[in-house]
Structure formats: structure tokens, C-alpha cells
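Quick heads-up: structures coming right below.
Two complexes, one shared chain (subunit A), two partners (subunit B, subunit C).
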Partner chain A sequence: MIALHLRLRPSTRRLAVAAGAIALAAVVIAPLSSTDAAQQAGLPLLTDRLWFRIATTVAMFVALASAWNVIGGLAGYASFGNIAFFGLGAYTTGALVSNLRWAFAPALLAAPLVSALFAAVIGLPLLRLRGHYFAVATLGVGVAVGEVVNNLGPLGGATGLFLPILRSDLLFFYLMLGTAALAVAATWVILRSRFGFGLLAIRENEEAAAVIGVNTIFYKVSAFVIAAALTGLAGGVFAQWNSFINQENVFAVSDNVEMILMAVLGGAGTVLGPVAGAVVLELTIETLAGGGSAAVYSQIGLGVLLTVCVIFIPRGVIDFFGGQSRLSLGYLRRTLRETSA
Partner chain B sequence: MESAGGILPWSEWGHNSVSLLAVNDLGKRFGGVQALQGVSFTVQDGDVLGIIGPNGAGKTTLLNCVSGLFRPDRGDIRWQDRSIVGQAPYRIARLGIGRTFQIVRPFPSMTVRENTAMGALFGQPAGRLQPAEALRQADAVLDLVGLADKRSHPVLRLTVPDRKRLEVARALAMRPRLLLLDEVMAGLNQVEVEQALEMVRQVRASGVAIVLIEHVMKVIVGVCNRALVLNLGRPLLEGPPSEVLRDRRVIEAYLGERYARGGDA
Partner chain C sequence: MSATPAAAMPEGEPLLEVRRLDAGFLLIPVLFQVDLDIWPGELVALIGANGAGKSTLLGALTGLVRVTAGQVVFNGRPVTGLRPEQTVAAGLVHVPQGRRLFGTMTVERNLLLGAYRRRDPRIREDLERILAYFPTLQDKLHRDAGTLSGGEQQMVAIGRGLMGRPRLLMIDEPSLGLAPKVVDRVMEVVRAINHDGTAVLLVEQDVVLALEAADRGYVLENGHVVMSGRAGELRHDPAIRKAYLGV
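Moving on to the complex of A and B:
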């Protein structure tokens, strides 16, 4: 069950958490070791610049997918406008550093604030819409904000915005990892709180939630604001990491689609689903990005995979292994046990 | 008046007291359909008010207005003498008004117990429970409505009567002072109706006032102390159940409907 129970059986769960913790520790610590030590430990890839880039990108998408999960997975409002929060965060940090000569640290902290404020303002009218109306409206906001920024001279207009280069692979890897950890931790805390149960109730049946006493508007806007803050923070880190931002690289609707795919593929509404989805999907994309025709086929493959997943395991892969879905392994196991008993 | 209510038990201030719920001249229109017109009634502590009337009479619309899902076009709804028209549904819920839905609205991916706990978690006027405590309270409510042995079932595996019981359980877990029940006994067999009646009596005995929409006459006579008949959105008459059900106009309203739907049988 999604709500007050833990999804996996305790033994399976403990094992998964332990394995995850070890893998995470390896990833987190590996970059700190010197190149030689890493080579000897058999972890040469993580000290390579290219792989640093990929690891940082993966962490970024873990943050974005987890943040999307708060509004899309928990509250059930499929936002296509989260990319606006990312772009706003990026441009906030970018403008403060580049135009106003702020130091990176305070400029980074401003990013989530601006995105959250923006979410609070647009959340009130937008979150009255439901289903595809909400999806389309948020999509419009995402595109509109990108266009506005693209036409603002002080923000570099169509040329984009350049930030002074800060060369530290390690710093940006850890900042993205920290943002991702924050997003995952936030989801974990929310899912155990009254607030989280209120969001789930809204997702499952909004009228029923309202008449049992859930302040639906406040809850939805809060979820939107939290998602925006986390997404904006990732945007701020990205701006300085990439040291160049424009409409194409921080307001791309395809990135918004990607975070949705990751969350849905891994398991929307769960803590670890979006993490799994982001890691697997981003690594696949990065690996296949190089080859010409391979890239095309990989795109088609991802599309097919997504369709199959949405149809057969709508609650995501996490559910497939432990859950209630009629097509899950857990269901199969239970059915076999019941029929043989 | 208000301060006196805090000191005296309700029975001692009798009929001059402030009503728990007072609906006055309520009107609601949907396009060309006048769903409610000139509907007035009150509910006192200890009341079980039955509302009957053929399909389309406006019974569900009335509940939707009281619980804040619809805003009435005219008239007033007062809770302990304060108007609640235009208030958000969650505020009305926390005043102590719980309701069920005729077309059930469970939280589909949660278990029976979790569904019920949601009512306790959010609906109680007294304040904020933690999830663990809400689950504990859900168990007590599930005993009362007869769902105790199905508490860990996913709701999608429940039969229709059980889903109706769950609606009642979730509303009861809110610890309401007024419970609005919309056809929760439709589709139950004789034995199940008896069980449901017993449940309603227990709820009433625990000090909860009830508004009960029902077609089964046995239910109206069995637990209601007053009945209100609606027809085409208007109040037809109000009075003690046995008298109301004997009235020619009421019989006609129902028979008329049955003739009109003759093809169904």
C-alpha cells in the first residue's frame, strides 16, 4: 500500500536500503580519492572528467524528478511547468553573479526563493484546474517564462548569460548530489507526515479529501512551492556549473518531459522510484547519446518502454517488485502462494 | 445564548436553543434545472432527520450545499447560528460536519483502514492527530460499521455495500457532531439493513445528530424522529415519519416516478 504502510516486505526493504547505501557511499567518496587511489580501487571512471559530468547530470535529474514527484506523484498534478522553476532559478543565480557581481553562494540561495515565490503566485490560479487542463496550462507557463526571459536585454536576451567560470568538478558534483539528497529527504519526510497523507488524499479523490477536512488549496500550493524551490535550487547550481545559460538549455520543455518520464517510470508517488528512474534513464541517454543512428533508435526505444510501463505498471517499477498491481511480481507470488495453499 | 449553551446541557434549554444546523429558503439552479427551491429545515442535537424523495428531487444537491461543495444561489445555511455559506469544504468539515457520498469516493490505492484513518487525521475539530493515533482510532470505527475483518483489504476488492460502509467509517472517524448520510443503505439485503440500522442507532446514542437520505421506508420509520419530503427540488412536507409516509402526496410522488420508469423493471 502506498500510504501508511511500507511498500516492500521488511526483509527485502532492509536489503535494498543497505545495498543502496553502499553504492551511494562509493559514489560519494570516490571522487575525493586521488586518481591513483581510484585506479587501484578499480574506480577509474569516476575520476574522469567526462564521468564527472555524467554523474553530476544524473544527480541533477534525480533532484528534478524527485521534485516533480512532490507535485506530480504525491498530489497527482502533472506539471509541465517545472522547467520554468529550473530556468528561473538558473537565471536568478546567473543574473546576480553576472550582472550584480554577487558571490556564488548567496546568489545560489536566492534561486529557490525566486522559484518558490513564482510558484506561489501562479499556483493559486493554476491549481484550480485539473487533469490535462492543468498540464496544458503549466506547459504554457513554462514556454511563456522562457520567451520572456529570452527577450529581456539585461538577462542577455537571445544570446544568453555568461557567468565567470568556476572550475571545480568536485564542487558541482557535490552541490548537485546535495540538492538531490535534499529532494529525496524532503519526499521521505513528506510521505510520513500529515501533509503527505493530505497530498495523497488529494491525488486519490479531491472532493473526498475536501469534505474530510483537507485544506486542498493550501496543500496543493504548498506542494507546488516545495517542488519549485528544489527545482530552482538545481537550476541555480546548473547556471554556475555550466557558466552559460540561455532559453534552450534551461527552459527546454523536453527536460520537463524527461523528469516526468523518470518519475513515472521509476514509480511516481514513492521515495525511491524517481531516483531509480532518473539514474537508469539518464545513464541510458548519456550512453547512447554518442552514436548517430543508435541515438535515434534509443529514442524510439525509450518511447516504447514508456508506453509499455504506463500501461502495465502505472505505479512504476518500484510497485512492480513489491506492490498491488495485477501485473507485479508481488501479485504473482501471492497468487501462487494462495492457489497452492 | 452562546454562553448559556456552554453551561447547560442541551436538553435543558429545550426548543428555544440554537439549532445545530438551520437551513433557510435554500435555492440552487443548474442551467435549466431548479434543483432546490425554498428548502428550509433545522437539525437539533439528538435528531435523526430522514430526507426522502424520488430520484432527481435534489437530495444530494442539498447535502452538497451543506458540505460546501456547491454554493447555493439563495438562502442561508447556519451552523450553531453562524452562516457557513461560501466557506471552504474543509472548514465546514472541521466544524463537525461529516458526510458520505451516494456514489462512493474512496481513496483507491489505500486499504480500508488507511481510508478510515484519513477521516481521523484531518476531520476532527479538536485538532491534529499523528498518523499512528489516527490508525488506532480507525480500528474502533471499523468495528462499529462491521468492516473490522476487512481492515487491510485494498478498497478495490470491496463489494458495493462494503464500500458504502467505508464511506460511513471515514466520516465517523472525523468525530462529527452531525453526520450526513446519502443513501448508504441502498442495495443492502434485509439482514444488512438491520445491521445498518443498529449501527445508526449506536451512532445516535453516542451523541451524533444525523441527516439520512434513504428510499427504504423501513429505515425512515426505524430510526428517524422526523422526515422531510422533497419533490422536484421543493419541500413537500415535513413531520413524524409514520405520518409523512402515509400522506397521499408522498405516495403519489413515488408512484408517479415508478410509473415513469416502468421500463426499468
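Moving on to the complex of A and C:
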């Protein structure tokens, strides 16, 4: 038996946690070196504009993947409609700021409310469907909402909606980071609550969940609403950050697929899985965005990697690095057997 | 009709009273005017052919299936049309057909989830007490429930039901797909649970098995209760012997 023993020893593990904490602190604090006060004090500039753009995008996808994880990973309902919540949040903030001249702060707070309300309304009928049917129905909702918005004159129609430019890389980085932190914290709290156990029971076997006394309908809709609120908040931040929104940049189904990939590759149903998935995948995508023949080969490589991951470690990267199992041929064989039909 | 029901009824207040119950699915009525009573501590068998409505009746009692008419009183309280989380909290617990375990969770987690509605501190204590019925599960507590044998899975399903502290445990087809020897073992446990004071409603297609274990029985046919009485009398009833035993 060949076993690679990738599972870390306790001492190594403590070191890894410390290194992770330092890296996270650096990411959170580094942007501050760009403020005028820091510059006058003579601190070296640790960041530049490109860094801000990438870091903000990564934070956004951490938020989106973690939010998706609440309905897709914990409750087991693979939603392809989360992009509708993102777009609705973006257009809520966008329309309030651009059409009604609201200040950004209240307009941003309205975004999660509208998305959550929409999720509550469509959740009741949609969450009666399961598996592929739910996936296809939510996909339809995502596309339909995008089309409706695209054809509404007051929302800019096909042209899109322009928001007055608010120039502050720092503000948007911290807003996205805050949204991501909120999504991760929400997952952590849910996983430790009675509500979280109920969601996991629903994911494992919905009839059994009902039999032990889980209010399945209420729980599913609640998970959907929480995911929608977090996703809508990210959408609201994006609208003002990008200062231009249209159907293509806030209702892209490919973004929905991306958040699912991130959550699933990292480890759906875990707290840190979607974070790891989002950071790694988004950084890879940003790196590959350059172009050239190397980028083409790298993209093929990414596709192959995704396929291999889905086949051999369908429970996600977190499962064998942090979980009970260790990466070995036995682990790969077992997961392959357990997850193939 | 056999065994005048009145003669078969025990004394005192029934634990479960089902009166003229109609239930079913949208546009598909399944149960018609069902009357059924269970007294505390009884083991009652509900028998009938495939599709007679046995599982639907359990579903209607726990709130998984819509009740369209009639009423259900449990432990002195009307529970007609309540949702499952409410009936479970009231002590009406359903062990569904086909076990329905949380397959990739451990046996222990499955059992503990049976206590989902409870908020008392005695849950761990109950786990120990319940494991006494199923000694073979003791050293499999940390295995995934889905990896157990059919008989063991049935034990986990019953154990999970018991963790909800039921006053009435309703077990749907526990013998399904099990070897005869394993079925005997499961039925022994069911009788032991009943002997220790929990009323049991046992749904079975295996009529002999059910009527040997039960105090009383009800026969369901096409959604109607067509016969009821003491289990011993039903077992020797010519109509039942002809319809279900092929003699």
C-alpha cells in the first residue's frame, strides 16, 4: 500500500496555522500602506492598483462561494440561480444610487434585502424540486431575471447602468473582505447550530430529516435566503466598485458555475473549503488571463486538473488535507467507489 | 367481518384515536374513513397488501401526508394535520420504510439526530440505554451508517426512532429485504421495546410475522379498514388465511 501521508503532524500543523494567520494579517493590513498618512510616514508602498483589483475580486469570490455553500454545500441544493441574487443586489444598489440619488451606504444595505426577499418568494416553489430539476429550474431563474432586467428601460435596458464613480480602492477592498468574512462567519455559526445539523440532515436524506422532526421547508428556504442575502450584498458592493453594471457583468451564468466549482473543489459543506477553492481558482484564473500560448496550455491544464479533482476528490481538497483521511491510493479508490453511480 | 371490535378493545383512554380519517396526495385520495385506536403499551399490527395505504396512514399520522378529513387525537391532544416536527415533539415517531438513514454519517450521529427535537440533558444517557437493545451496534458507532448490513441498518433506524422518546413508535416494514434469521432478531427487539412500555404500531406485509408479535391487528384494503380484532383471532380467520396466507 502506497500512502503519501500528506496529513500534517500536530507541530507542522501549528506552524501552518501560524503561517496562515500571518499571511491573512498581511493581506488585511498591507493595503493601509497606500494611505497618505502611511506614505508621509515613509512606509514603503506594499500594494499597487492591480493588486487591489485582484485582491478585491478574490474576496468577492470567497463571499460568493461561501454563500453558495450555505444552500449548495450544507443543504445539498445545487443552485445555479445564485447569480440572480448577485445581479439583483447589484441592480438594487445601482438603481438607488443612479436613479434615485441615494447615498451609497443605504443603497448597499438595500441590496441584500431585495435579494433575500426574492429568494423567499421563489424558494417556496423551487425548493420542492430536487437534484437536477432544482439545478435546471434555478438556472432558468438566473437567465430569466437577467433578461427581464436587460429589457427594463428605467434600469438602463441593454446599455446598462452607470453609477457615479467613487474612487477608493481601499474602501472596496475592505467592503468585499468584510462581505467575505461575513459569509465565512455565517457558515461557521450555522455549522455549529441546530439549524446547521438540520441542513446536513436534509442533504443526507430529506425524508429522514422530516421524520426526525426537521422542518425541511422552512430550513431550506432559510438557507436559500441567507445565501441570497450574502450574494446580494456582494453584488451591491460590485455595482459601486465597478461603477458600471449590465446583464453581462452581473448576470453571467459562468460566474455561477465558477462559485460552484470553487466551493466543490475546496470542499462543499466545510467552512474553509470554499475559501481555499475561491483563492486558488481565482488567482489561477487571474494569472491565466494574460494571454499568449503559455496561457492556452495553462487553461488546458486547469481543465484537466478540475476533471481529475472532481473524479478523485469529490469531497474537496479540505477533506484530505484537514479531514480524517490521508491521501493514499486507498482514499482515492474509496471516494471513487462511494461517489460513482 | 370477524372479531367484534368492541370485545377486543382494552380498557381506559386510548393513546391514539383515529376517527374517519381521509388522506392522500393531490388529486389522489388513498385513505377513506379510517378508524384506528391504540392503547398505551399495546403492540398493534397494521397489515394489508402492497398499495393498501399502510405507509400513507403512517405518513398521515406524522404529518408527511395531507389529511383531508377526519381527526387524530394523540395523548389527549388533537394532532390532525400537524407538521412532522410537531408530531415528533408530541411523541409520535415514525421509522420509515427502507430505513432512510443518513448514509455517510456515523451510526452515533444517526442515533443522536433522532433526538433532534429534544432539548433535555438526558440524550447521552438515552443513547446508552437504547444501545442495550442493539449490542451489535456498540462497536460500530463510528462507522458510516451506509456501510452496515441491512439488519444493522434497520436496528439503527429503530434506535434513531427511540432517541426521539416516542410514546408511540410506528415501524414501517422492518422485515423488508432481510434474511429470515435477521427478521427474527429485529422482531425480538421490537417486542422488547414494547415490553418495556413503548406502544408500537407495526406495519407489515408479512402477515404471520406481524400477527404473531402483535396484541391486536387492523387489516387495510384499498384504503379502508376491512377488519380488526385480536391478533390471535385474526390469524385464524378464514378470510385472512385465504387472502394473505394462501391456505
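The definition used in the following text is that the second predicted complex is superposed on the first by the 282 of 341 C-alpha atoms of A that agree within 3 Å, B and C clash if a C-alpha of one lies under 4 Å from a C-alpha of the other, contacts with A are read in each partner's own complex, and residues count from 1 in each chain.
Following the convention adopted for this analysis, a contact is a pair of C-beta atoms (placed from the backbone, for glycine too) under 8 Å apart; a residue touches a chain by one contact, two chains touch by 3 or more.
Fair warning: this is a prediction, and the values are worked out from it, not measured in the lab.
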Subunit B versus subunit C as contact partner of A:144, first or second or both or neither: neither
Subunit A residues touched by each partner, larger count belonging to subunit B or subunit C: B
Touched partner set for A:22, first subunit B, second subunit C, both or neither: neither
First (subunit B), second (subunit C), both or neither touched by A:189: neither
Partner chain(s) touched by A:212 [first = subunit B, second = subunit C, both, neither]: both
Contact residues of subunit A, present in both the subunit B and the subunit C interface: 194, 197-198, 200-201, 204-205, 207-208, 210-215
Of all residues in subunit C, those that touch subunit A in their complex: 62, 64, 83-85, 88-89, 93-96, 100-105, 113-114, 116-117, 160, 164
Of subunit A, residues touching subunit C in the complex: 194, 197-198, 200-201, 204-205, 207-208, 210-215, 338
Of all residues in subunit B, those that touch subunit A in their complex: 67-69, 88-90, 92-94, 98-99, 101, 105-111, 113-114, 117-119, 121-124, 128-131, 135, 154, 170-171, 174
Residue ranges of subunit A touching subunit B (in the complex, touch as defined): 1-5, 192, 194, 197-198, 200-201, 204-205, 207-217, 315, 324
